[in-house]
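Heads up, there are several structures right after this.
One chain, subunit A, appears in both complexes that follow, with subunit B as partner in the first and subunit C in the second.
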Partner chain A sequence: MKKLVSAPALFLGAGAFLIIGVVLAFWYSPIDASSMGFSQKIFYYHAPIAETALVAFGISFVAAIAYLRTQNLKWDRLSVVCVRLGLLFSILVMATGMIWGKAAWDSWWDWEPRLTTFLLVCFLYAAYFVLRSVVDEEQRRATYAAVFAIIAFIDVPITFFATRFLPAGMHPAVITSGGTGMPGSMFLSFFLSMIGMTLLLVALIRRDLQIETLKDRVSDLKTALGG
Partner chain B sequence: MSGWAQFMAILRKDLIRELRTRDMIVSMILFVLLAMVIFHYAFSVKGNADLTYFTGGMLWVTFIFAMLLGLNRSFAQEKDEHCLDGLLLCPVDRVTIFFAKTAGNLVFLLIIQVVAVPVFALFFVQRSFVSDLLPFLLVLLLADIGICALGTLLATISMNTRSRDLLLPILFLPLIVPVLIAATGATTLVFAEGVGFGTVVARLLFLLGFDAVFLVAAWGTYDFAIGE
Partner chain C sequence: MTVAEGAKYVAAAYAIIMAVLIIYYFMSARRVAALQRDMQLLEDEAKRLQASAAGTAAE
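Right after this comes the complex of A and B.
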């Protein structure tokens, strides 16, 4: 397959966007007017990471369906690479979210719907890898993993809905800020960071896919050599 | 045989097998009653504390774990006795197997609840909720369907793996959290505040939606989960 953009170019592009994004976030975007104040700066990384994690899981969902339809292992490779990166990004979402929570509300953990959803997402997709590790046969492992990836991705919005609108017990959701109306000067930094993060995801997916393909070839060669 | 007859045949087989041995039901009921004692001591930090507000949560945690016990048993037997291989050799639609197994598990869960709910209510709930029985029964039924559908699908996958019963809770628990949130909230409302349909209706609709989504998802993927 002819490569449109080389992998180093993607990484460089991602880095450039992310650096410009963070520079603008600190020197161009205004300090948030709400109670969050300066701590809101982390938003320019936190939100793009979250978005990228969901994109990665979305790709794994589509790849899982494609695998079940075609039984072609290349889709399984794409799915597992995306879940792995999605999980990594989700853990980063939790980390940045907790730092933000500490700075803004002075508590490391709050059962805030979005953060709680990401916590459950981490458990879900960690289970995906446990599942993969206990099935030996390749086709069967790919099939089970695909079924679970589909179910898990369907569960994510449902979990968010449940944590957001059906709070446990009688207490209403404490934090309801939607953050929809963003002034343009904030949006630019956010937008550039988001492009940078998405490019980073694409670059990482490509690199990981190449590694997976190489791994498969190595094991094929080993079998061919009788090892 | 029509799909309905096949469904009934598999369901009847599961029920008869359980009625003959009774090992699953008995251990599930004992587990539920033991859990009640454990919860009592876990939550009684002050003498004679009113646990009404905790009962919904206690009940659903107990049901979920009892169901995990049951799901593991139901598929371990199928697998060990090679009953499943026989089923798969029959000209039966895989989805029919799924719905029959789900229905069987639903029956077992309902039996557990018939025992557990009155006992829990007697021991923990300090107000009468008879006037709210209908919404409560609906919550039970809708949450049970979601638990059994998802549980059956995941148990089918996990029994074909190396670690079997170890894997099921890890796959099942994070997925079932939304049901737990809705069912616990609704049950607590019924037990503690007695509010009728008005306030539980959102949770009922949510559970209905959950059931629909995962029944469809399982219907679409069960062919792959059960294997060749």
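Right after this comes the complex of A and C.
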């Protein structure tokens, strides 16, 4: 099937949005008036990475269900690629969040709802790869991994809604049904970074899927050649 | 916290994000190139073996 947008175009688009977003964040969006001050600038990449990590886990959840319904390994490949990227983005969120916490509240870590549930997400999806590594047979590995991905996803909406239902932590609920909670100049930078990070996720998913497909084909060829 | 103090933390956060994403981009690109090369070599080998087997059968 012919793809609508080429991979280089996706990466270029992601890069352009991310660069414009960060340039506006520093030269157009005002410095936050609260105690966070200049350190609030971390938000413009930190929040989009967090949202895209959760989106990646969401795609993995859907792909896991699709695999269990069809037993088609292409869904397993999509699921594993999304978990890998979601975990990478989650680690970035944790790292930048700790730096931000230290700058704004003089604390590297706090056991508040959002941080704790996000840490749990990281551990759960790290365990996903441990599970995959201990099962040799392909179909069985894919089935176990799909079931695990579905169970692990339970923590994702809990993480997302933690700041809304349990507001006793550092994290404010930025976007609510009542509005964005920030001035337009801040929202523009955030929105552009969000588009950039989403495009980057799509581009990386496509490339990683290509890697997984190539690995399978190389493995098949080696088997066919008796190696 | 002054802007200068905050800037150190902001710079560290953006540096980590940029570094990780750029390294991942180039590593995945290299992986694609390496796998494509491996596949090409294996396909060539498969064709060579097929041709050789066909030649033996013809004799």
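The rule is short, and it goes like this: the second predicted complex is superposed on the first by the 204 of 227 C-alpha atoms of A that agree within 3 Å, B and C clash if a C-alpha of one lies under 4 Å from a C-alpha of the other, contacts with A are read in each partner's own complex, and residues count from 1 in each chain.
Note that in this section a contact is a pair of C-beta atoms (placed from the backbone, for glycine too) under 8 Å apart; a residue touches a chain by one contact, two chains touch by 3 or more.
Keep in mind it's a predicted model, so treat the numbers as computed, not measured.
Enquirer: For A:Val134, select first, second, both or neither according to whether it touches subunit B, subunit C, the two together, or no partner.
Expert: Only subunit B; A:Val134 stays clear of subunit C.
Enquirer: When the two structures are overlaid on chain A, which partner does A:Phe11 contact: first (subunit B), second (subunit C), both, or neither?
Expert: Touch partner of A:Phe11: subunit C, not subunit B.
Enquirer: Between subunit B and subunit C, whom does A:Lys41 touch in the aligned arrangement: first, second, both, or neither?
Expert: In the superposed model, A:Lys41 contacts subunit C only, not subunit B.
Enquirer: After the superposition on A, what does A:Leu221 contact: first (subunit B), second (subunit C), both or neither?
Expert: A:Leu221 sits against subunit C, while subunit B stays out of touch.
Enquirer: Contacts for A:Val55 in the overlay, against subunit B (first) and subunit C (second): which applies, first, second, both or neither?
Expert: neither
Enquirer: Could you say whether A:Met194 touches subunit B, subunit C, both of them, or neither, answering first, second, both or neither?
Expert: Neither: A:Met194 stays clear of subunit B and subunit C.
Enquirer: Within their complex, state which residues of subunit A touch subunit B.
Expert: 68, 120, 123-124, 127, 130-131, 134-136, 140, 143-144, 146-148, 150-152, 154-155, 158-159, 161-163, 165-170
Enquirer: Taking the complex as given, what residues does subunit B use to touch subunit A?
Expert: So the residues of subunit B touching subunit A come out as 53, 57, 150, 153-154, 157-158, 160-163, 167, 170-171, 173-175, 177-178, 181-182, 184-185, 188-189, 193, 202-203, 206, 209-210, 213-214, 217, 221, 224-225, 227.
Enquirer: Of all residues in subunit A, which touch subunit C in the complex?
Expert: 11, 22, 31, 37-39, 41-42, 45-46, 49, 88, 92, 95-96, 99-100, 102-104, 200, 204, 207-208, 210-211, 214-215, 217-218, 221-222, 224-225
Enquirer: Going by the contact rule at the top, pick out the subunit C residues touching subunit A in the complex.
Expert: Interface residues on the subunit C side: 1-3, 5-7, 9-10, 12-14, 16-17, 20-21, 24-25, 28-29, 31-32, 35-36, 38-39, 42-43, 45-46, 49.
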